[in-house]
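Two complexes are shown next, each including chain A; its partner changes from chain B in the first to chain C in the second.
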Partner chain A sequence: MAKKDNKTSVDPKGLSRRDFVRTGAAAGLGAGALLESEQLQAQESATSATDTAWDYEVDVVIAGGGCAGLTAAIRAKDLGASVLVVDQNFDLGGRMLHSGAFVSLGGGDPVQRRDMKGESDKEGLITVDPVEDPEELDDSVDLLFTDMTDWSVVDPKGQNPYRYNERELARSWAENCPATRQFLIDNYVRFTRVSGTHGGGGLSRARGARCFLMLGDKTDIKAGTITAEDAGVADPERTSAFAPVQMNNATRTVAPNAVSNGVALSRSLEFSAREKGVEFMFHRHFDELVREEPFTGRVVGIKAHYAPRLHPETGERLESFWDNGNVDERRDTINIRARQAVILASGGHAGNPQVRSMFYPAMREPAFPTSGNALQGAHGQDASALIAGLRVGANLAGMQQNISYPTTFHISTRLGTRDAYTTMMPGHPTFGFRKSAGVNVGNAGFEEFIAVNQVGKRFFSEVRLPTRPGGSRYPGDRGAPGQGLSHKPLDWRNCRKEWVREMYNYDHGLDAALALNEGSKAPDYYSGPLWAIFDQEAVERTGWELRHPYVSDNGYFFQADTIEELAEKMAKGHEFQRVPLSHLAETLTKWNGYVDAGADPEFEREADAPMYRIATPPFYALSIMVIWHDSYGGLRVNGQQQVVDMQGQVIPGLYAGGEAVGGLNKHGLGKGHVHGYVAGTHAAGEPTS
Partner chain B sequence: MTEETDPTRPNKTCFIEVSPSEVDAGTDLTLRGRVSTVPPKDLRGSALTIKDQAGALIEHLDLAEFNGVINETRECVVKAPLQTGHHTWVAINPAPTTPGTAPETTSTPFSFTVKPHDTRIVVWDLPSAIESGDHFRVKVGVKCSSQCQASNWEVEVSDQDERRQARATLDDTPWPGTDALFFTEVTLTAPVDPGLYTWTTKAPLDEVNIAHTEGVAHFGVRVVPKHDCLLTVVAIDKERQIPIKGAKVSVHPYRAVTNERGVAEIKVPKGPYRLFVSGKDYFPFRNDGQIEADHKIKAELSVDLGLSDADVWS
Partner chain C sequence: MLKLVFSVFGVALAVTPVTAAPQETNAVLLNQGEQIYQDNCALCHQVSGTGSPPTFPALNGNALLGNAARIVRSIQQGTDQMPPFPYLTIEEISAVTSYIRKAWQNTWDDVDIEEVASTLEGSTASDQMTSVWDTVFTEEQANRGQAVYQGACGLCHGRRLNGAPDDPDMSSTPPLARARFLRIWGGRSLATLFSYIRATMPESNPNSLTEQEYTDVIAYMLSVGGMPTGNEELPTDLQQLAHMFIQPRP
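Coming up: the complex of A and B.
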């Protein structure tokens, strides 16, 4: 990568066109001049290369170092390109780092074939037998493509997960799954036995495998080992800077002492990328694309600003776990020229309440962040790729698919923390943004309390709040027509009314939680935070540990001598509690009356679970979080991951992948890695400008 | 906040910010004053004198800051009056600062409301089912909204016909785990006829130093007939086929908890029943039926696996 000498974008003695516009408007020029000024400003709604002085120059610039970006970076580097990854966070991995590492590919990929033959991995680490029968692994690109575009499948929410997938994108994805699996293996990623398929990955075959490392005396990616401390398994209340989320036992699908999750995937890829010479610029938010002209010509670079993530307690800048290949650049805004291509892999829009509200207006409520917000920070999943793409004329795809995956948004069973989607514990530097790990009460724990909204009123049967419909995937559940091989693709019976009625099982508790209430005020009518209210007797029944690190004085947990005092503390102490919980005491009195009577006339709780009086002091409140997990709608791309404009034309030099892209209703990593692999391949093949 | 413009000196405006505008008797009241003049004048060195409606001095608030337009005092905490009701105090500005100089004072009234402290009552440890005519015990706790020491206060429990059933004095130590919930335990006698009754408890019964609202709490007393049948429940982990200790057994309104062998016994009347058995990390087991004699039920509970992060977030 070349660092340009001319670091400043504007000659201090002269005026750029943009400066001219601003100066002219400020000087109060005449009507004609102002009109010209407005026209110029309209043209400048996107950044053009004409005005841009470059601070850095590289063959391929990638916005985002998650599953799509990191894969694309390695691939492009392998093919000879110089690569710079720009990431808003302080460390690599994005969501991949604290994912479950369930990489669902297929089409006859190498781990499917390995397991079909009953073989171990090359290093011989896997000692257990295959989990799936050979016929459940006997896959092909054509079958995978058929599955990914199967019009006939209807899920338990009554929606169609595959019908609306972009066909060219689905075909390309299916064709590149086997190669991507091999590519990941070639870059130190070790896969468990295949077991099931991830949501959106098709019904017909088993296609998913997780990533693992073996517990050992030292952490050595080349050897495939990790220490218990680094894996976060040495102490149930500690994670590590290496692994923000505690790794899971993978004995069943690998061997004793195997541990699995996104750490095994993300750190392995990162190690490989750094080893191969990919460069990284952290703390830098991708802002804009630079095109030859605002709406025409090639995309030739990006503009990005410095947005350091600081330690929540010390105020020091957070630093990546490894640093070889890091470019320490702290100027405010810089321009990076891409000689061959820009790849957008900076994630989706789940962390941007204004953008996500186009799909569910109630989710404009900022009280509910996207998953993993402590690790990713305020700029995580903030729709940066979507916003930048739209500014240069990109089209969108699959926007409606945001509401057709069961975990896109849901109510977490982990209470008492703003970041309710992860098992992160103290030991990772971003734990301080969470301050509490939360209390995971499980589904059954919801019988122990009443759930109230921001004014202190119940809104749904508590025990039905955390229920989620299953995804439409192999081996099938109530969302799938049949099990595994018995699924007949493209059969009209898959969506016949009788079957849909039988398998429909969506509980609308989340929708009731987001409903308007007396505290919802114009113009946004926020529904406000949600609370689990319980008493000391519930604590004794359950053994919930209301102590650090599970809860803290962070506004997501409260304790009080009386219910009235509890309401006062909550109103004063929670950042999004905008109104008093004026109905809470009355709600509790009413609830205790229902318990005495043995019937809940409002929500029929007595049909599902026992009911308990809430009367024994002290009284407690734990926050209940609605989580918008990920994004399915996004930029439209073709089969080469090239971004397509609203006239159906490719925007030259611009690629995108992962959650930045729409049109493939496939959950998680399997989508992102293939997108990255394809984008990296073609970006590196672009002519150098 | 009160804003007043002195009619004789229209170029001077005084604001008194009062927080809270409704305050518990005798508790903290925060005042902050702002004075502006036209043209702007730096009044630092002078003070606002706060007096109550009887003219008694409350406090001097020094005008300590001037931003070029507005003079401002720092926040000052004073005690609200003990007498409840609407109060109007005045801020006199400026106070004389130079001996022998006639002060040019303005008087700005401001108002707030003093209210009695809330009395909050909690009733707990109430049996879910009481056989007709039996004695039973409950705990009654009282807490003042402004943390008054409620020990030695009197509480009263009356039945559905407003007949006093008990009167007791609160202990002088708070209920464990609470800051200042003072409590007592009373023994009561259930009505003879089965049914659900609403009883009432009140406090304080006598006048206390500072005005308090009368705290009232209602609670349900479930009176049941003598039991006919013994329902024995054996809670088992469905997958591992081992007993579940500590499982909660509920046949409304009767409750029990399983022992080490996973067994709980409940005496219930003949007739229809709905049984729930639930435990930590288990989904509830439900069984509806009719009981006419002693009966044993094996409750196989499924583990609440839920969806792990790894399942969902990959």
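Coming up: the complex of A and C.
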């Protein structure tokens, strides 16, 4: 292991002194048991440094190797710190790896300036002209700051999310965007032409660029190339261990043979981090912070337990794609001392139904997961940072902001899979956790079936179910650059009632989907799973391919020759179907009557789209998923990403970023990378203890 | 090659002049014109006549409508931006021209059949229509279109052209093939489809592909929709495209 000055990188120490066995957390336990053990543990008192024996010691410990954690790790390492990243998954990247890599930064960042001048990238890979006009790219830190704090911006739910933003966070974010963009470029990340803006902000300038690699004979991050096999583009129905989601064609924003998505971003950063000597401990779940005294003093380390991710078919432990820098540590719970700082970058709470109930009790329903549950496993987005932070006295921020962005929780158009946020094809080792890619029918596909709840009853106009509200908007603006520069920031007219009424055009079908029904039982009154029901004629109309790898017998797709048989199979075969679909046959008869009459008195479907009889066997059922994707609301931090306690005081030695924190309504990777960059900068500047 | 033939102008010119009272004539004409407008024009100019400037000009209060001959010619023969509608009869052109000059806040006079006929006198526009099911593109062209589609369109409209983007952060978009597409586009010509796509797509940078690329993408859309390939490529010429109807599977 590399040594630097007087600092030792990842020192195993005291191995013989420690024989800590953590109750109930042995390898191989299911998700439920693990969560339960965490709850038990949460009732114990917080851990202090005096009764902790350390197993490892390092300058900066980072919980989570996603977009905030990996960025923070490289930044702290660049500034001279030894860095260990602890991640519960078997590979790096978190959800950055399965993302679209739409990195919205701005403030006059190097990619905006490059496109403004019409230049190519330094390597000359980009051969297409800029997509956006120079005027759209003419950005500044002050403009970006104004955007993120503009109280007058409303969204289609008639809300005004930015009024709640922590201004210090918005300022810090805006000021650090240009430097973060340059930092990413310096660590092998290659950006496409800027095209639009991704989520959040007043949207007055174009600042979203994706990340790309070029197809080539070998996968070589330094050269910027990737093979078609690794990119998942050699076969339309197969991806790779390198790319959980097949990469997209980036011809239009780069050049022929360019491919883009989170793989180009995440693997490039990972390559750089490993090359620079950052170290990684996988299969290890971050549990607790260790403070000098339970509620006072510095944060001096973490406790983390071994939670291996095993291949769903072979039972073998899953291994990361690259392994240089990996620390293979399989003891149960270990204590890792941080000489300088701990950075919490272990994601949000979207995968923890108990914590979700802080925001929306109906979403305590465990039938509905977060995105990437196959890729990340049961511990993905399980609120570990929020839970550990609360235990040492941290404050929370932005707790109402989950309600203010369209991808927080929504009905997915990808049917027939539990992991319904992304498409994953066979070839990635976690495909077996979902077993089906799903059938992405788009919003238009919802015209082709009836949607029923756990007892087989319709509950809303199907056509309106998947509609998501758009992002925050100024009057007259369609929400993207190039489509309206006439808006005025901070103008009271943006908030006048006439405009708010015009914006308030959102169907609340999601809430109908989560409503109480005949199958809801005390004490939780869960709403239960949702189903798309259709027949063979719908399949012929749409061309949906109901075969491997799109569907499987994983409990999320059923087929039968009669409706009664279908209902029976669904009730038996789906893990969250707690009651029989006793109304399904009657619902279908009623629906066919409505079709014949040309009118649906219950949900007025005839006004929105044609209605089709469902009468030609075989009959089909595909699961409809509510996905809680983003997490807003989390640990309160200041502009240096230091966690702040309930008294407004900084908790020394503790930093957090990405979805672990709250108080800045900003969707996507742009927030996480800047948080990581800022946290890494300041963590590496902490005194060594 | 089997062609659907609509004998348009012959019928139109044989129409007996309507002899009802002027008031009644006007109402019938305007009702007919409104229907034609909704079927052919409202896609871009909107039911409200407000259009979507600068892409699609407003018709409500548009001073250019004062020039009846210009409107009549634009409808039948198209302009740089607007597709031709050669399948509209003289009577239909009279009705729709009169409608847009009277609708909303507009107050211009009707344009009768004689005026339309005299404006279009000497026009060589053909009235022979074919269907997209009559082998109007080649397999090679569809393959070229697929390559363009994957770069320029696929990110939003999805690998399967069903309006389902692979990137889950992106909103659904209109499907570009199969039943749903045909329901919206059935009864319109490929010239209308071409003009609409060129004026609006790709959304981030409309009119940035070549005419050949736009045409090739349309060929690819038709091939995914199951329309058969033939030996002749889909032309880039708007006049020729205007004679090809999008229709449900025969």
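In this text, the second predicted complex is superposed on the first by the 632 of 689 C-alpha atoms of A that agree within 3 Å, B and C clash if a C-alpha of one lies under 4 Å from a C-alpha of the other, contacts with A are read in each partner's own complex, and residues count from 1 in each chain.
Simple rule for what comes next: a contact is a pair of C-beta atoms (placed from the backbone, for glycine too) under 8 Å apart; a residue touches a chain by one contact, two chains touch by 3 or more.
From a predicted model like this one, the values you see are computed outputs, not experimental measurements.
> With the two structures overlaid on chain A, would chain B and chain C clash, or do they fit side by side?
Pair status: clash.
> Once the shared chain is lined up, is A:V131 touching chain B (first), chain C (second), both, or neither of them?
So A:V131 only meets chain C here.
> Looking at the overlay, does A:A345 come into contact with chain B only (first), chain C only (second), both, or neither?
After superposing on A, A:A345 lies clear of both chain B and chain C.
> Determine, under the contact definition given at the top, whether A:P610 touches first (chain B), second (chain C), both, or neither.
Both partners, chain B and chain C.
> Look at the residues of chain A and decide whether chain B or chain C touches more of them.
Between chain B and chain C, the winner on chain A residue contacts is B.
> Which holds for A:S195: it touches chain B only (first), chain C only (second), both, or neither?
second
> Tell me the contact category for A:M503 with respect to chain B and chain C: first, second, both or neither.
A:M503 sits against neither chain B nor chain C.
> In the overlaid three-chain picture, which partner chain does A:R541 touch, first (chain B) or second (chain C), both, or neither?
both
> Determine, under the contact definition given at the top, whether A:V153 touches first (chain B), second (chain C), both, or neither.
It touches nothing on chain B or chain C.
> For A:N443, decide between first (touching chain B), second (touching chain C), both and neither.
So A:N443 meets both chain B and chain C here.
> For A:D596, select first, second, both or neither according to whether it touches chain B, chain C, the two together, or no partner.
first
> When the complexes are fitted on the C-alpha atoms of A, one of 127-135, 145-153, 163-171 or 235-243 in chain B overlaps chain C. Which is it?
235-243
> Counting contacts the way the document defines them, which residues of chain A are shared by the two interfaces, the one with chain B and the one with chain C?
The overlap between the chain B and chain C interfaces on chain A comprises residues 99-100, 102, 198, 245, 248, 261, 371, 407, 413, 421-423, 442-445, 447, 466, 468, 541-543, 610, 629, 667-668.
> Can you list the chain A residues touching chain B in their complex?
For chain A paired with chain B, touching residues are 95, 98-104, 198, 208, 210, 245, 248, 260-262, 371, 407, 413, 421-423, 442-445, 447, 463, 466, 468, 535-537, 541-543, 561-565, 589, 592-593, 595-598, 606, 608-611, 613, 615-618, 629, 667-669.
> Under the definition above, what is the set of chain B residues touching chain A in their complex?
118, 120, 122-126, 128, 141, 143, 145, 174-175, 177-181, 196, 218-220, 222, 248, 250, 252-253, 274, 276, 278-284, 286, 304, 306-314
> Once bound in the complex, which stretches of chain A touch chain C?
Touching chain C from chain A are residues 99-100, 102, 131-132, 195-196, 198-199, 236, 245-246, 248-252, 256, 261, 371, 407, 412-414, 421-423, 440-445, 447, 466, 468, 470, 480, 482, 541-543, 610, 629, 667-668.
> Where on chain C is chain A touching in the complex?
Residues of chain C touching chain A: 150-152, 154-155, 158-160, 162-175, 178-180, 183, 202, 204-205.
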